[in-house]
Every structure is written in C-alpha cells, then in structure tokens.
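Next, two complexes with subunit A in common: one pairs it with subunit B, the other with subunit C.
So, the complex of A and B:
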C-alpha cells in the first residue's frame, strides 16, 4: 500500500512537472533581506513581478551571514533550479565557485562581475545617474553650493561622487561641491549620527542640497534636512517618501528591472552570459519623480533634465567614470 | 568656530554617557567592554517605545530599565556565574547586535531600521547635552563623598577588605552595574530619539569602545574622562569640518583622524602620557 502510494505520488510529480513546466527561479538575497527598503527589496520586487507576469516558480532565500551565501547557491543548483539570481557584490566569489561546479545552470549576479560564461553579471553606471541628480541639485540650489556625503570611502562611492560633481559643474560651473565621507570602515554604512553631523556641517556652510549614497547612514542626513528645512537627494531606491517635501529626488539603481529582464530572457530561452553594464540608455539608472517631490521639481528643471539625459544617451556628454580614471592612473603608460 | 564647538558637544554627548556608565561598572571591579551592546539595546528600546507610545519620556524610562537589565546580565554572568568578564562582555555585545535587528524585523518588518519618529515626539537634544555636563560632577560627588560611592571604590580595589566590614561585594557590584547600565542608556536615548529619529542597525558604530578608551585615558576618574570625551568630540568635529573645506590647501585625511581616539589610547597604555592604572581588583571575583 505504502509502496503503491509512493509510486502514485511520484507519478503525480512527474505529471505536474511535465504539464506546468514552470521555470524555477532561485533568488538568493544577501544580509539585507527582502525588506531592506533598498537593494534586496528592489531585486525581490523584480522577481515578484516576473512571478506574476511570467508565471515562474520563485523560491527566495535570505542569507543571514556571508558564510551561508555559497551553500545557498549550491543547494539551488543541486535541486535543479535552471536560473539562480544572486543579489549583491558580496556574492561574487560564491557565484564564481558554484557556477564552475554547475556549468549548465544559469546565474545572474547583481552589482558585480565575473568571467564565467554561464553567469550574467549586471552592473550599473552609477556615474550616469549621479550626473543627472547632480544636474538637478545644481538647478534647484539657490546658494550655488551643494553637498555630497558618501558612506564608506571606496571606489564605487567615489564613482558616485565624480559623476555627481560633474553633473553639478555641467549646469553651473561656478557652483561649489562640499564632499564628506562618513568613514573608512564598514561602520560607515550604519552611522546615521555621524552622517547627520556631517550634513549639519555642510548645510551650515551654505549647501542647500546634499546627495547621500551612504546606506543606512543616509537616514541621518534626512533628519538633518528635516531639521534645517533644506533638501537631500536619496540613493539606490526611491526614498522620496522618507521625508516628503525635503527629498529633491532619488537616484535609482533599477535592480528590479535587471532581475525581471534576466528572468524574462531565461523563459524565452535567450539567456546570455557576460557582463551587462546598465546606464541611462538601458534604464538601469534613473532619477525618481513622484507625488512626494512633484512640487520641488519645476517643469523647467524637468525639461532641462530630459535634454541632459538624451545628450548622455547620445554620448554628446561624456560622464567621467572613476573606475576608468583609476585604471589610467594604475597603468604605467 | 562656534559651529565646530556645537558639533563637538553633539558628538561627545553619547560618549560621555557611555564613559560615565563604564566608570561606575569598572570602578566596581568588573571589566565592561559591553558598553557598545548596552548602547544598542537601549537605543533600540528608546526608539521602539517612543514610536509606539508617542512619548519620548516613556521611551527614555524604558531604555533606562533595559540598560540596567542588559548590564545586570553582564553582572549576573561575571559575579554570580563567575564568568570571565571579557568573555561575558563580548557575549553581551554579540547578543545586542543580534537581538536588536531581530526585534526590529518582528515589530517593523525590516531588520535595518525602526520607523522614524516625528520631530515633535523626540527628546530635546539640548536637555541631554546639559545633563551630560552635570552628570560627571554628580558622579564625582557620589563616588568620592558618599558611603555607597566609597563602597563601590572599595569593591573595585579590594573586595575582600569590604567583605570584612560586613558588606557583600557581590551586592555592591550588582547595584553599580545596574546604575551604570542606566547611565549608558542615556547615551542610547540620545542617539536614537534625540539626535537621530530612529534606531538603525548597529548604530553605535564603535562609540562604546571609544568611550572605553576615554575612560582609560581619563584614568578611571570621572572628570578627566569627561574632558577626554569632549576632546574626542572636538577632534571628530574638526575632522568633519575640515574634510569638506581644505585647510592651507590640504584636506584632512579621514582615515587619520578616525584613528585618533584609538591612537591616543595606545599612547596612554604604552605609558607616554602617564601610566593608567585600572582598579586593582578588576575582573577578580570576590
């Protein structure tokens, strides 16, 4: 009896897998988890959208620490998931290793790159998005002074800074940009108290808009903007709602679109490995405009931004890329 | 210049509370590297209770209780269970780092931060800044001029001597750590509901350890420790100021100034600036 039952169950399983043939997608998030209101949340949103529109089977796992990243990916691969999405640059090494072990499985790596042919690495042109919000900051600044507060002092955030500064200077060459970093250790991502101090200091020196790619530390800058009645520009996800009326805009990294696109390609059987660098042209980066900041962005500003955006896409404006600068100084030439 | 001074006071306030709490605990003879953990649990409590009760005073009271309880866990482990106080301190820190995001997630749906508290429901930062100035004087008086204070000093330097006079060293340590925890809690309150508007995961960001180095630099005395905290606050404020505006054509390297509190502690410990003698019976069980 038990045996026949087991055969029956097996048969049903087989039948269902043949009939439905839904694509199984494994989504591996990093420490932030699906509610981090930022990077992971965006990836989860993209995957959910794919689940609704494309009818995939989605399994999401949040890693509680960096050590469990690799086993998570391996378990997905062993269970026969054809597509595994790994979110966050901390997963790079894990993806590289597991992708080599399972060459037939497809991987998507968000925010970092690797050479393996079965991995689709998606990175973003942060400097282009930063250029755009820099231009908007300069357009809206009355004091001709704007600020930049980065989290940890690493090349990726320097890339934001260079893009932002170029955007500001493009609109108003006379404008001054104050630059600060919260710190040089990973504590710098979660030190809102310090970030608020930096923001108060910049506002006090005359800056009236501050761009803040600083992770959770950024919340301190939002507090400072509220206290001094000045403006702040959010980062990564749409943060306009955090302090309505005080957030000029947010620079967006469209992780949701990147994840959705990768899943869509897989369902069409058109998955391709390699490095995909998403900029303004690919809608990979953008700035946000919604009911919370509608009154802060005038139609004139919006028209100007649209023009700048088109010019960047057409490559009439070259946005300096910190990564390229680094390579130049690194090479002996 | 005034802005730099104001900024140094704001930066120094949580350090002062943490260091003063640490002063009470360490002078009672229990090494307290868990200031960081107490800052976290109390900052979390203050933010959550204030958010739900819409009253910062409830939040503050709850934080004082939680601070005392967290520190009491440390005293239970070290005094009652006779655990090594460093190991116990590390345990309390790890517990705090784990439990705060867990509860944040349970109550607010995301492990990274609690919901923001509106401006009119926050503590007035100035009140806490003034309190941080009065507290060291008060503690100086209590510890050096009153019977309970002298007992606290005695239990830190020679618990057995205290025992011969009929006072239980363990009980003195429980009280000292309980009060110490409540004092540290004010630092947590300042961080989450006075200066900022919410709790953010790991928001103490090493302040507990900087407070500890201020305590060592102040040679375990309240007034010098207080001045050291102000000094650390001042260097941080200088750093903040000069990072974005170059002085004599050069910008201050962030890394160097961030190193400062630790570097100065190292100098003290090596003995360049007088010797720092910890309480004699520190981490010795009575």
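So, the complex of A and C:
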C-alpha cells in the first residue's frame, strides 16, 4: 500500500514537472514598458526569475497605448495562456472584463483590486515604504528641504506623497517638502524631460534629496541629481545602481516577488484568487541598501531607520494613508 | 461601373498591398524572423471569429475618419483635424449622456449619435470658418485645432466628467440606455459564437450606411457636385456662381461630423465611458485610408478594412514573434502610403512597356 502510494506520488511529481515545463505565462506591462527601470521593470524581473527557476514559457507584451490593454489580455486568454499577469492599475477594467469572459484563466493584477475569483489582486502599502524613505531623506538632508516628484497625479501617488511627507516631518518637523507632479495624464509616466526640469527647479530652490515615484519619468530626475551633485531616492525597483553615489536609497515595491510568487503558485497548482495587501510586515515594501549607497547611509541613520521600521510594523507609528483620508472611505481601485 | 473599371481602380492598390507585403517579409527575414508569421497574422485577422471581430472593430473608426478626410479632399481641402474632431465628438456624447441619463433608449441612442456629430461638426466648422473668412491655411489650422481639441477633451476627462473612484483618467460611465449592442448579441440570437468577446458593434453597420450616403451625396446630388467642382477648379466653379465660403463652411462641418461619429463606436459601442488617449491616432490613419481609396467613399470601406486588419494583425505578429512589436503596423501603413502615392508612376511605366497610352 505504502509502496503504491509512493509510486503514485512519484507519478504525480513527474506529471507536475511535465506541466511545469509547459506552463505559459503572459505578462502584460503598461505604458512604462519593461525598461522603465522602475515599476514595470520590477514585474519583468520577477517574471524572468520565474522563467529561469521554474522553466515557464514567458511572453511579454508592452502597451504603447491604454486601449490596446484589453485586446492584449484577450489575445493571451484566447491563445490559452493559463496565467496572465497584468501590471498596473490602468489594467483593472480590462482584467475585470476579460476575467469574466474567461473564468478558467488565472489572472494576476498588480496595483489594483477586483472581486473576481480567478484574479489574484496584489496591492502594496506604499505609504509605509514612503514613510521610511522620507525619514531617511530628512536624516540625510543638510538644507532641511526635500523634494517629491510624482508621476501622474492620482490617489495612489498622493499616497506616496503623504507617506513621504509624514516620514520627513517625523524626523524633522521643521523640514520643508517641495511637491510637484509630472502631469495628470498617463503620459506622465514616461516624460523624463519634464521630470528633469521639475527636479532642477526643486534642487535650485534648495532641496537636496528628491523622492521620485514617477515610473520611467523618474530617469530625468536621476540625470538632474547627477548634474547638480545632489541626491535622489528611487522607487519601485532597486534603482541604486542607476547613478551610483547619487541615489540615497530606493523605496522598494516588491512587484518582482509578487509576480514570482504568483507564477510559482500556478506551477504548483495552488493558485488562489483574492486581494493581497502587502506592507512592511509582509516585506511587500522596503528600502534598499547595497554597495552603491553604502557610503551615503551612515550607521546612525541605519539604526534610526531600523527602529522606525520596527515601530511601524508594531503599529507604534501610524502612517497616514491617503486612501483613508479621501472623502469616501472606500479605497479607490 | 463596369467590371473593367473596377479592376482598374483596384489593380493599383492590390499591387501596392502585395509589394508592401513582400517588403515587410524581407524586413522580417533581415531581422531573423520567419515571414510566415505575416501570413499567420493575416489569416488570424480575417479567418477566425476573434480576429475578425477586432479587425471590424478597428475598421469602423478608420472608415469614418477616412470618409471625413476624403470629403474635404473632394472640395480641394486637406482636413488633418479628424483627430481633434473625433475627440470632441466623443466628449459630446459623454457630456450629453451625463446630463440626461434618464432618456429611454429610443431617444438616447439618436441623441448620442447626433451630439457626437454636432461636437465634431463644431470643431470642423471652426477650421472652415478660419479658412473661408480669414483665409488661414486649413492644414495649419486643423493641426493646431487638434492640439487644442485633445487637450480640452483631456481637461473634460480629468476634471468635470472625471470618475473619482478610479485611478485611471476616465469619465463616469454613461447610462445603459445609450449603449449600442455588440454584434455578438446579434449572432448569439442565432446560436452562433461569432464575434463573441470582441467589441465590434452595430456602429459598423451604421458607418457602412454613412459611407453609402457619402457616395450618393458626392456623386448624385447638386451640392456634392458643387463641392467637387470647387475641388477640381475653384475659379471656374466660382465663376459659375458656386459659393466658396458657404461650401467651405459646409464641407468642414460635415467632415467634422463624420469624424465625430468615431465617438459612437468608442463610447456608446465599446467602453461606455471616455478614457484619456482612447484613439490610437485614428484621425491620422484616416488620411492614409482616404489616400489609399483615392477618396472614393466605397473604396474607403475596403481601405479601412485593410488598415483595420493591419492594426489588428500587428498584435498577432507581436505575439508570434520574440523581437517584433506591434509598432510594425506603422511601417506597413507607411509602405502602403508610399507605394500608393507612387502608384501612378508605376502604372505609366507599365503601360509604356506594353506600348499603350497611359490613359486609355
């Protein structure tokens, strides 16, 4: 009996490894594209990792315009991809529609939520991570002025802003925060020229650290930091390497891990729908420390930051959440 | 129209399609891809329900903008403003639908269609007015009006009409009574799954009727004759008492109304709301569509189908290939335009080769 059970388990293992090799995963990125070195790049990295470690077949499609999102998802579903990863809140409606039409297909939606049971929605507590990097920015600022440059003016980026500001004020109540947005349309995610102008103006006004959750636009701010020899805080991906010595840290949004985990679950046949809200406690957001910014973060700053981090996780510090501050208590999706 | 003349009209474009197909295959080979994917893309855009549905969905707006550009061409005017006009048309539908959500469907649908035409016509009329009364060049004016129109519509989307419950820049949804049903609802009645899950809707039939109406208007009415006379020889037409001012105003308003109808397909037929950046430059592709069909309203139906297929097929190519992205459609469209524009030259050479006059 036990023997036959073992054979059976072996057989199942073999079968699953066969399926494993065949799993086709569709990755639909938004306007930023896989080379935004930020949000989409993180998703792409997670999917590539899955390709190497789990042996999946990966097909990546970028959307140059917002209306091609839905046909892209539909084509994936139509072609029989069992798992489709849609990156970016902009894809929410498309995912909702297509998930309803293809109930047997599994979807991963990053940065937005939907109720469909075949969709795994992953959102992040951006305000917690932003609070941390805000605290670090205030600790390292000599001019007592820091800057914030958001991509598109939407509630989600306002959430970054509020978290960042509170982090700055927590460390140094006298510090000033300069705020700017690249734009109010989705082109704001890939307009590095405008972002650079905003950054130069903020640096001129006296800011010496700028936090930039702005997708591919952020690269313009990195240029400005290099030009003016000031500091920048990256976002989403670990961007410390982009301009070594000029990047104080990066607020990590572990989209890569979220994507990898979803693919891994699918290969194990353990895919589960539902909403997953990842914060500091779940390692969904964090700040980065590596050889590129080691010299910029002193041991005192690091100790202080670790203390703040623990306090947020233990809820001794409440980080204000823009979504809750909005008039309607329901979080925008 | 005799069979011979139809062949003569279609021959040039057909050769252009073949040559551009060959050139694109060559490019694919150079990039290390098999040209077979081009063929696969072609078959999947026409010969399966999903692909055909999307092809026809993209055909609808291109047909309307193609007609819009062609109408102006016939009057000797170059309307590059279709992009702005279609934005205004789409925004007008949303504005009216949000103002009057209670209308029953038999009022709501015509109201929506009419408001899209009025919105587009107003935007076209401004260009016509500046051209007719002030003598401003219509190309410059329409290009600049595009910028203003699109920015204005983006403002409407982001502020007065905005849906504050979502992160996307989009308007509130319109009432159900304004919806135009998808074609799949028709095929479903017959138990068919044709067009299922594709957004192609009844606006397609509507725009086909519009194309026929345009044909009748241009070639079988006095007003259409006046427009064409102005286009062929302005001085002669004016000498014969045809008003340049009135007709310029008219043709730009009509042209704008045709572009505005794109909003019907997009807002009432598909999204049921207006999304920032909803048009992948339908207005500009419309110029190529009109050029391909030599401004013939019925030819535009075929040209729009072709460009719709390219737009849709590009996605299939992207899925079939590791390296090629859907931007290849821009290349194919450009090749077509160049080949069509150079078409007359090839025909002349061809005829000379067979020792026949170029125009017999």
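Note that the second predicted complex is superposed on the first by the 272 of 333 C-alpha atoms of A that agree within 3 Å, B and C clash if a C-alpha of one lies under 4 Å from a C-alpha of the other, contacts with A are read in each partner's own complex, and residues count from 1 in each chain.
The rule we apply is simple: contacts are C-beta pairs under 8 Å (C-beta built on N, C-alpha and C of every residue); 3 or more make two chains touch, one makes a residue touch a chain.
Predicted, not measured: the structure shown is a model, and the values here were computed from it.
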* Asked: Is A:72 contacted by the first partner subunit B, the second partner subunit C, both or neither?
  -> second
* After lining up the shared chain so the two structures overlap, which partner does A:258 touch, if you call subunit B first and subunit C second: first, second, both or neither? -> neither
* First (subunit B), second (subunit C), both or neither touched by A:193 -> first
* Could you say whether A:205 touches subunit B, subunit C, both of them, or neither, answering first, second, both or neither? => first
* For A:184, is the partner it touches subunit B (first), subunit C (second), both, or none of the two (neither)? -> both
* **Overlap of the subunit B and subunit C footprints on subunit A, listed as residue numbers** => 184-185, 187
* Asked: Which positions of subunit C touch subunit A when the two form their complex?
  -> 50, 54, 154, 158, 164-169, 197-199, 275-280, 312, 315-316, 318-319, 325-327
* Asked: In their complex, what parts of subunit A are in touch with subunit C?
  -> 59, 61-62, 64-68, 70-72, 74-75, 78-79, 89-90, 92-93, 98, 101, 112, 152, 154-156, 184-187, 328, 330, 332-333
* Residues of subunit A defined as touching subunit B within the complex -> 32-33, 35-37, 147, 153, 178-181, 183-185, 187, 190-194, 196-198, 200-202, 204-205, 216-217, 219-220, 223, 226-227, 242-243
* To do: Mind listing the subunit B positions that touch subunit A in their complex?
  => 3, 7, 10-11, 14, 105, 109-113, 116, 119, 191, 195-198, 200-203, 205-206, 236-237, 240-241, 243-245, 254-255, 258
